[in-house]
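For reference, chains read A, B, C, D, E and F in written order, and residue numbers begin at 1 within each chain.
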Amino acid sequence: MDAAALQTFTSPVVLFFVLGLFAAFARSDLAIPEALAKGMSLYLMAAIGLKGGVAVSKSGLDSTIGLALLAGIAASFLMPLIAFAVLKGFGKLDRLNSGAVAAHYGSVSVVTFVTAVEIYEAQSMPPGGFMVAVMAAMETPAILTGLLLARSAASGEKRPAGEMFHEVFFNASVVLLLGAFAIGAVSGASGFEDVSPFFEAGFKGVLCLFLLDMGLIAARRIMDAKSLTWRLAVIAIAIPLLNGVIGTFAGAAIGLDVGSTAALGVLCGSASYIAVPAAMRLALPEADAGIYLTMSLSITFPFNILINIGLIGALANALVGPGGMML
Amino acid sequence: MIETVIRKRIEILTDTALVRRITKAIDDAGITGWTITPVQSGKGRDGHWREERVTGSDKVFVLTIAPQDKAMALAEALAPSLSSHGFLLTMWDIEVIRGERF
Amino acid sequence: MIETVIRKRIEILTDTALVRRITKAIDDAGITGWTITPVQSGKGRDGHWREERVTGSDKVFVLTIAPQDKAMALAEALAPSLSSHGFLLTMWDIEVIRGERF
Amino acid sequence: MDAAALQTFTSPVVLFFVLGLFAAFARSDLAIPEALAKGMSLYLMAAIGLKGGVAVSKSGLDSTIGLALLAGIAASFLMPLIAFAVLKGFGKLDRLNSGAVAAHYGSVSVVTFVTAVEIYEAQSMPPGGFMVAVMAAMETPAILTGLLLARSAASGEKRPAGEMFHEVFFNASVVLLLGAFAIGAVSGASGFEDVSPFFEAGFKGVLCLFLLDMGLIAARRIMDAKSLTWRLAVIAIAIPLLNGVIGTFAGAAIGLDVGSTAALGVLCGSASYIAVPAAMRLALPEADAGIYLTMSLSITFPFNILINIGLIGALANALVGPGGMML
Amino acid sequence: MIETVIRKRIEILTDTALVRRITKAIDDAGITGWTITPVQSGKGRDGHWREERVTGSDKVFVLTIAPQDKAMALAEALAPSLSSHGFLLTMWDIEVIRGERF
Amino acid sequence: MDAAALQTFTSPVVLFFVLGLFAAFARSDLAIPEALAKGMSLYLMAAIGLKGGVAVSKSGLDSTIGLALLAGIAASFLMPLIAFAVLKGFGKLDRLNSGAVAAHYGSVSVVTFVTAVEIYEAQSMPPGGFMVAVMAAMETPAILTGLLLARSAASGEKRPAGEMFHEVFFNASVVLLLGAFAIGAVSGASGFEDVSPFFEAGFKGVLCLFLLDMGLIAARRIMDAKSLTWRLAVIAIAIPLLNGVIGTFAGAAIGLDVGSTAALGVLCGSASYIAVPAAMRLALPEADAGIYLTMSLSITFPFNILINIGLIGALANALVGPGGMML
C-alpha cells in the first residue's frame, strides 16, 4: 500500500486540492468564479452519470447491482442514527443540530466519490459503473432520517411531507446523475463515443480545477469557523473512518468486486456538502450552518481525499482483493 | 410636472433556498410584483460568509414596492421568520411614477 | 461633523437592451454619472421572469444620484417610456458626502 | 427513415434536451449558471464558424454557394410575410405582435442548425461548410421585414434606420459567426489543426450541456406562459413545417447536395430566440415578449429538435438523396 | 402592529480591491455587519467604466445598517478616503424590524 | 522572417484577437461573460504552469535556469527605472503616475508570454519549460520599485511593508503559476498524461477565445480613453521595443537557447495588466487607472501580440539561432 499511498500524493488531482488549501491558508486572493465552480460540478455529475450508464449498458444488470443499491439506500437511512448518537453524546450538540449534522454523514459527496474512482482506477481496481446509481440513490434518504431525528426539536412551521419527498427525488444532483446515467445506458458505447472527448478526456483536468476550488473553500471556511469545538472536529474524522469500514464490509459481504467494495466504503464514509445543506436550510433553518458545513466540508472532505480513500482502498484489497481474506 | 406617489420599498436579505417563502408571502399580501438581486458576501453574527453556490450557502435581496398597508401586512407576516431564519428586512418611503401599478 | 447634502437617488429597472436609452437620458439631463447593478429575476404583471441571458431577456438596475431639479427633469424625460417599455422607476432622498460632485 | 428517427432518440445530444424538459416539468431545481450558458453559446458559434470556414477553404467557392446565400437571404426577407398573414388571420394577433413574431420565423436558430448538422452527419449526409455563412446571412434580414410589417402599429419614437442597419450587420452572433468563418477560411486546415481538440472534439459534449439548459428554459417558460393561445401554439408548429418544406424544395431546386438541402430546410424552419428577441425589445418594446419567446423557444424549438429535423432530413433524402426524385 | 425602529442605511461604491478597508472601518465603528452586492458598470468623471474582472478594475457596493451615531462615525472615518479613492457614499433613513440587532 | 511574420497572421490565436479588436471598433455588442474570462485566465495559468513543471521534471535543473531566474528578477526590479525616467521626461507625467506606470512595464503579461510560446513553437524554437518560473518570478518585483519611485508623491496612509511583501509572494497568479509548476514537477510526465487532454489539447482553443475577449477589452478601453496623450502612446510602443531588445540580449548573454532567449525578451517587453493594476489600486489609489490600463492593455498588449513578438523572435534568431551572431 505504500506505493499506492504515495501515488495519491503525486496525482495532480490531489495536488491541486493541496494547492487550494495552501493558497487559502496563506491568505492568497486566488478564487474561482462561482458560475464556473457550479458549471464544473454539473459537468462532473453529467460525466460520471454518463460513464456509469455506458458501463451498465455493457455489463447488463444482475442481482449484485440490486443488492448494492439496497445496501446503499439502507446505509443512507441508517447511518445518521449512529452519527446522531455520537453527536449528542460525545459531541454535546443539541437534538436539533445533531439531527442536521447526522443527515450530512448519511448522505454522500459526489466529488469524494469521483476522486476515489480516479485513484482506484490508477491502482487497477476500478469500481463498477453501477456504483454511480448507488451514489445517486444514497444522496437523499439520509435527509429524511436526519429530519425525523431533529424534528421534535424544530420549532415553527413544519414542511409538508410532499415537499420533502419531491426534494428527495427531484433534487438537482439526483436528477442530473440519474438522468445522465439513463442517457448513458440508452445511448450506449456508440452514442457515448461522440461525446467522450468532452466528458471523458476532459474529466480529470476539470476535477483538478474543481478540487483547487474545494481546497480554497474548505480552508477559508475553517479559518472563519466560530462554532467548531475540538469534540466536533474529532467526530468529523471518526465518523468517516467508522462509516468507511462499515461500508467496505457491507460491500464485501454482498459480493462486490474489490473496486466497488471500496467505492461503497467511500460513499458511506463521505459526507454531503451540497444537497443536504441546501435541504437543511429549508427544513431546519434554526440549525447552525456553521457547524454542519465546517464539519463536512472543511474536515471530513479533506480527510477523505487525503487519507481515508487510501485506507478504504487498502481495506477493500485486504478483504476481497487478490488473495483477500474473504475470497 | 409629472405626478409621483409615495410607496414603501422593502428589501429582504435571505438565503437563496428560502426565496420561495418570501415571494409567496409577497403574493399573499396582494403585492403586484417583486425583483431579486444578487448578493456577494457579508458578515453578521455568524461571522464572515461568502457566496458559495457550490455548497448552496448563498443569499439574495428580494425587493418589492407596495403601498403602506400592504407593506406593513407583509412585514407582519414575515416577522416570525425574521429571527428563526435570520432574514434582514429594511423598508423606507420612495416616490414612484405610474403609482397605480403598485 | 462632516457635512452632508441632500440628493435624489433614482433607481430604474429596465431591460438590458434598453440601458443605453436610459443612460443617454441621464447624460442629457446633465447628471454626472450612473451605476448599473445586476438583477436576477422578478415577477410583475407579465408573470414570472428569470434572468435568461441566452434569450437576451434580462434586466438591470440603473441608479443615479442627482440634485432634485435634475432628477425631476430625468423622471420627466423618461415618463413616456415608462408605460411603453415597462420601466420601473423609484426615487428617494439620500444624504451624500462630497455633494459638490453630483 | 425509421432507423434514422430512432437514432435521433438515442443521440446523447437530443436526450440531454429531453432531460432538461423533464427536469423542468418535474420542478427540479436543476439550473445552469447564465455565464456558462452564454459562454457555451459563444463557443458553439465560434466552433461552427471555424469549421465552416475551414471546409470552404478546402472546397473553394463556386456558384452553388452564391446561389445558396441568395436563397437564404431571400427566404429570410420573405418568410415573415407568410407568417405575418397566418398570425393576423388564423392567430388573431394584432398587427404589432404579428410583425414581431413573424420576424422570429424569418430568422434562424443557431442551435437548431448545429443540432441538425450533428444528426445529418450521423446519417452520412453532412451539410456543406458554406451553410454556416448562409445561416449568418439569414439571421437579420427578417428583422427588417418584421419591423416594416409592425411599424405602422408601433407608437412612440421611431429608431433611426442607421441604428437598425448597424444591428443587422454587427449583431454579436453575426460578427462571431462570420468572424470565425473568416478565420477558418484564412488559417485553413493546418491552422485549424492546433485548435481542433478544443473546437471540434469538445463540440458535441458542449452541445449536450447547452441543450440540457435549453430544455430547462423552454419548459420553464411554457409553464409560466400566460399570453399563449391554442391558435398560436398550432401556428408555432405549422410554420416550421411549412417553412421547412419551402426551404428544402428551394435547396433542391438550386442544386444543393442532400445534406445542404436539408440544412437549408432546417434554417428556414427554425425560429430565432436570441438575436431577434433582443432586436424586438429595442425596436418594438410594446410587443409582448411573452408571445414571441414562448412560441419560438418553447414550442418551435423543441418541435424542430425532436421531430422536424428528422422530417426535413427524410424529405431532402427523398428529393435529392441517392435515388431521389430530383436527381 | 410590529415595531420598527429607525436606522441608517449606508451604501458605499468602491473598488473591489479596497473592500477590506471599508469593512475594517465598519467593524471599527462597532457596526454589527455588512453585505456586499455586485455592480456591473458605471460612468463618472473618469469616463465609462465596465466590469473588467480580468484587469481587476471592478467595483462593488458595500452596504451596512447602523444606528445614527455609528453611521456618522463611519462616514467621518471614511471621509478622507472619499476623495483620494473615489468612493461614492450615500445614506438614508430606513425602518428595520428586530432593531436590537443593529 | 517573412514567412514567420505571415504565419503570425494566419494563426487562429492571433486572428481571434484581431476579430475582438474589429468587433469592438465596429461597436458590436459581442461580449464574453466575466466569470468565463476569469476562468479562462485561471485555466491558462494552471496549464502553462503544469507544462513548465513537467518540462523541468524531464530536463532537470541546471545553472542556466538559475541564471535565467536571476536575470528575470533583476530585470523586473530595474526596468521600471528606465520607464520612470522616460515617463517623467518625455511623457510629462507627474512622479506619482510615472511610478505607477513604470511598475507595469517592469512586470509581465502572462497572455503575451503564452501567445509568444505558441508562436515560437510553431516556428520550431520552443522556449524552455523553466521560463514559466522566470515569468512568475518577474511578476511582482517591479511593484516594489514602482512604489518606491512613486512613494514620495503619494499622500495619505502608507501601507505596511508586510502587506506589500505578502502581495508580492501570495498574489493569485504567482501562487497559481508556481503551484501548478510545482505540481507538474512533482507528478511528472506520467501524472500529467491523465490531465493533458484538458490542459494541453484544449489550450490553444481557450487561448483563442481569451484573446477574442482581450481584443474586445483593449479596443473598448481605448475608445473611452480620456487621459491618453500622444506622448504616452508613443512611450507605450517604445518601451516594449526597448525592453524587448534588452531582454533578448540578456538572454543571449547568459547562454539561453534561442526560444528561451526570445521568451525572456518578450517577458521584458510585456506589461502587466492584471497583477500590477490591482496592486496600484491598493497602494496608489490616487494614480490614474485610465493612464496605466490604457497604455498597457490597449497599446502595449496589441503591439506585442501583433508585432513585437515577431520582431523579438527574429532578433533572438539573429543572435543565437542557427548561424546566429553570438554562437
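FYI, contacts are C-beta pairs under 8 Å (C-beta built on N, C-alpha and C of every residue); 3 or more make two chains touch, one makes a residue touch a chain.
Everything numeric in this text was worked out from a predicted model, so none of it was measured.
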Proportion of interface numbers common to chain D and chain F (over half same, under half different): different
Geometric centre distance via CA averages, chain B-chain A, whole Å: 35
CA centroid of chain C to CA centroid of chain E, Å: 19
Length of the line joining the C-alpha centres of chain A and chain F, rounded to whole Å: 41
Contacts with two or more other chains, residues of chain F listed in rising order: 33-36, 38, 197, 201-202
Numbers and ranges of chain C residues touching at least 2 other chains: 37-38, 53, 92
Interchain contacts (touch definition) - all pairs: A-B, A-D, A-F, B-C, B-E, C-D, C-E, D-F, E-F
Chain A residues within the chain F interface of the complex: 10-13, 15-16, 19, 22-23, 26-36, 118, 122, 197, 201-206, 208-209, 212
Contacting residues of chain E [partner chain F, same complex]: 15, 17-18, 46-58, 80-81, 84-86
Chain E contact footprint on chain B (complex, rising order): 13, 37-45, 59, 61, 72, 75-76, 79, 82-83, 88-92
Touching residues on chain D, where the partner in the complex is chain C: 34-35, 37-38, 41, 155-156, 213-214, 217, 220, 224-226, 273-274, 277-278, 281-282, 285-286, 288-290, 293, 297
Contact set on chain C toward chain E in their complex: 1-2, 4, 7, 9, 23, 27, 32-38, 60, 65, 92-98, 101
